[in-house]
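By written order: A, B, C and D. Residues from 1 in each chain.
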Amino acid sequence: MDVLYFAWVRERIGLPKERIETTAATVAELVEELKAREERYEAAFADLSALRVAVDQELTDFDAPLAGVREVAFFPPMTGG
Amino acid sequence: MDVLYFAWVRERIGLPKERIETTAATVAELVEELKAREERYEAAFADLSALRVAVDQELTDFDAPLAGVREVAFFPPMTGG
Amino acid sequence: MRISIQEAPFDLGQEADQFAAGRVDMGAIVTFTGVVRNSAKGDLAAMEIEHYPGMTEKAIEAIAQQAKDRWSLGDVMVIHRYGRLVPGDKIMMVATASPHRVDAFEAAEFLMDYLKSRAPFWKKEFAADGADWVAAKDEDEDALSRW
Amino acid sequence: MRISIQEAPFDLGQEADQFAAGRVDMGAIVTFTGVVRNSAKGDLAAMEIEHYPGMTEKAIEAIAQQAKDRWSLGDVMVIHRYGRLVPGDKIMMVATASPHRVDAFEAAEFLMDYLKSRAPFWKKEFAADGADWVAAKDEDEDALSRW
């Protein structure tokens, strides 16, 4: 699936988008997988309460299932308007 | 003093403005004086709850004093905006 | 603070642009524009707006000043027309500029609520079945109580 | 319903005029325009707005649809820019048209509250002492609870 990062999440991880093959069943499991990879993921996902997640471009939460999902995005709370 | 009429008050009385010499102490007394004059005033002032009054261009009520006043205006509730 | 009581039409876009021009301290600009709405039957031929020259300006200045005292406003604008208008014509416009969106919105709503019931304007509608003065609505008077 | 996510500037006056044009059924038109405000210190050089192409459009359409379901609206418009902006630049604009002023105001405020916290935009400020992502405010999240 495609995993996208925005704002300071993108900056900490150092890229806007990557293709990830995973067997994670939920967003939370995917996050654990990513954190185990490298320091920069660990840094980006250190405080999940400071993060929001969208699955297939819909806001959701970290226990959302990943079956059949094409796109997951991580970002800080929005500051539009 | 000048007495002004607006909207349907003006239409019922048949003129927008007139000069009136009065010794009325309050707006309410002036209204009684006017009602005693002619049918059209009686008709215009029949229901005071349907009327508003301004003294020297400030909204006020019917017991406002008239000493030193230059201009009194009678009209229905406003419908601007 | 621009207040204009005028018979002539105004240009919404131009007024909005001028009001917003050159502000770097105001994050929020709200405009409200009132338009003559046709009757439910679609038979409104025209509307005539009468006002009380002299008092109108004073009343609107007082309302605008109250808004400036109450909210953090960089600027306020009120335009209100009088005379003959037809459906689709713009009757009036208010604009507010504030550092914060809540202030800009609340002040604009306050201005509208007070203009409706406290500025000396009266509307007469000309329809197929004759001419009638628009009656003040209880809800418009009630709207003042929230401020 | 016009929704535009764009890098280019927009013309407030022209957008307001086009939005208001030809309405005889809508008595009330409200616009809100957001402007890049300088910092308290006056040292904001620029702001960069990042967004999530694809999701942004969907999120705003859903917010606008909620507004249309909830209030009596003839039309809704949302414009939001992304990219580099400087103080005084217009960031975004919403407009609502309704037969009634309360609906037009409430719907515009609802749109603003939801755009702030539910549309995927992020602001980064560039000032004298460096660059920083704007933090979401608790009050913006709290604002949603009134709807």
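Just so we're on the same page, a contact is a pair of C-beta atoms (placed from the backbone, for glycine too) under 8 Å apart; a residue touches a chain by one contact, two chains touch by 3 or more.
Molecules present, by chain and UniProt name: A, B = Molybdopterin synthase sulfur carrier subunit; C, D = Molybdopterin synthase catalytic subunit.
This is a predicted model, so every value here is computed, not measured.
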Check: Which chains make contact with subunit B and with subunit C at once?
Finding: none
Next item on the list: Give me the fewest steps it takes to get from subunit B to subunit D if each step has to go to a chain it touches.
Entry: 2
Checklist line | Centre-to-centre distance between subunit C and subunit A (centres being mean Cα positions), rounded to whole Å | finding: 48
Note to self: What's the distance between the Cα centroids of subunit A and subunit D, rounded to whole Å?
What the structure shows: 26
Item checked: subunit A and subunit B: spacing of chain centres that average the CA atoms, whole Å -> 72
Notebook entry, point to check: When the C-alpha atoms of subunit C and subunit D are each averaged to a single point, how far apart are the two points in Å?
Noted result: 23
Check: Which residues belonging to subunit C are in contact with no fewer than two other chains?
Finding: 34, 101, 112
Notebook entry, point to check: Listing for subunit A: what residues touch at least two other chains?
Noted result: 81
Check: All pairs of touching chains?
Finding: A-D, B-C, C-D
Notebook entry, point to check: Can you name the residues of subunit B that touch subunit C in the complex?
Noted result: 4, 6-8, 10, 54, 57-59, 73, 75-81
Checklist line | Residue ranges of subunit C in contact with subunit D within the complex | finding: 11-17, 20, 22-38, 87-88, 90, 99, 101-102, 104-105, 108-109, 112, 143
Check: Across the complex, what residues on subunit C touch subunit B?
Finding: 34, 49-52, 54-55, 58-59, 80, 91-92, 112, 115-124, 133-136, 140-141
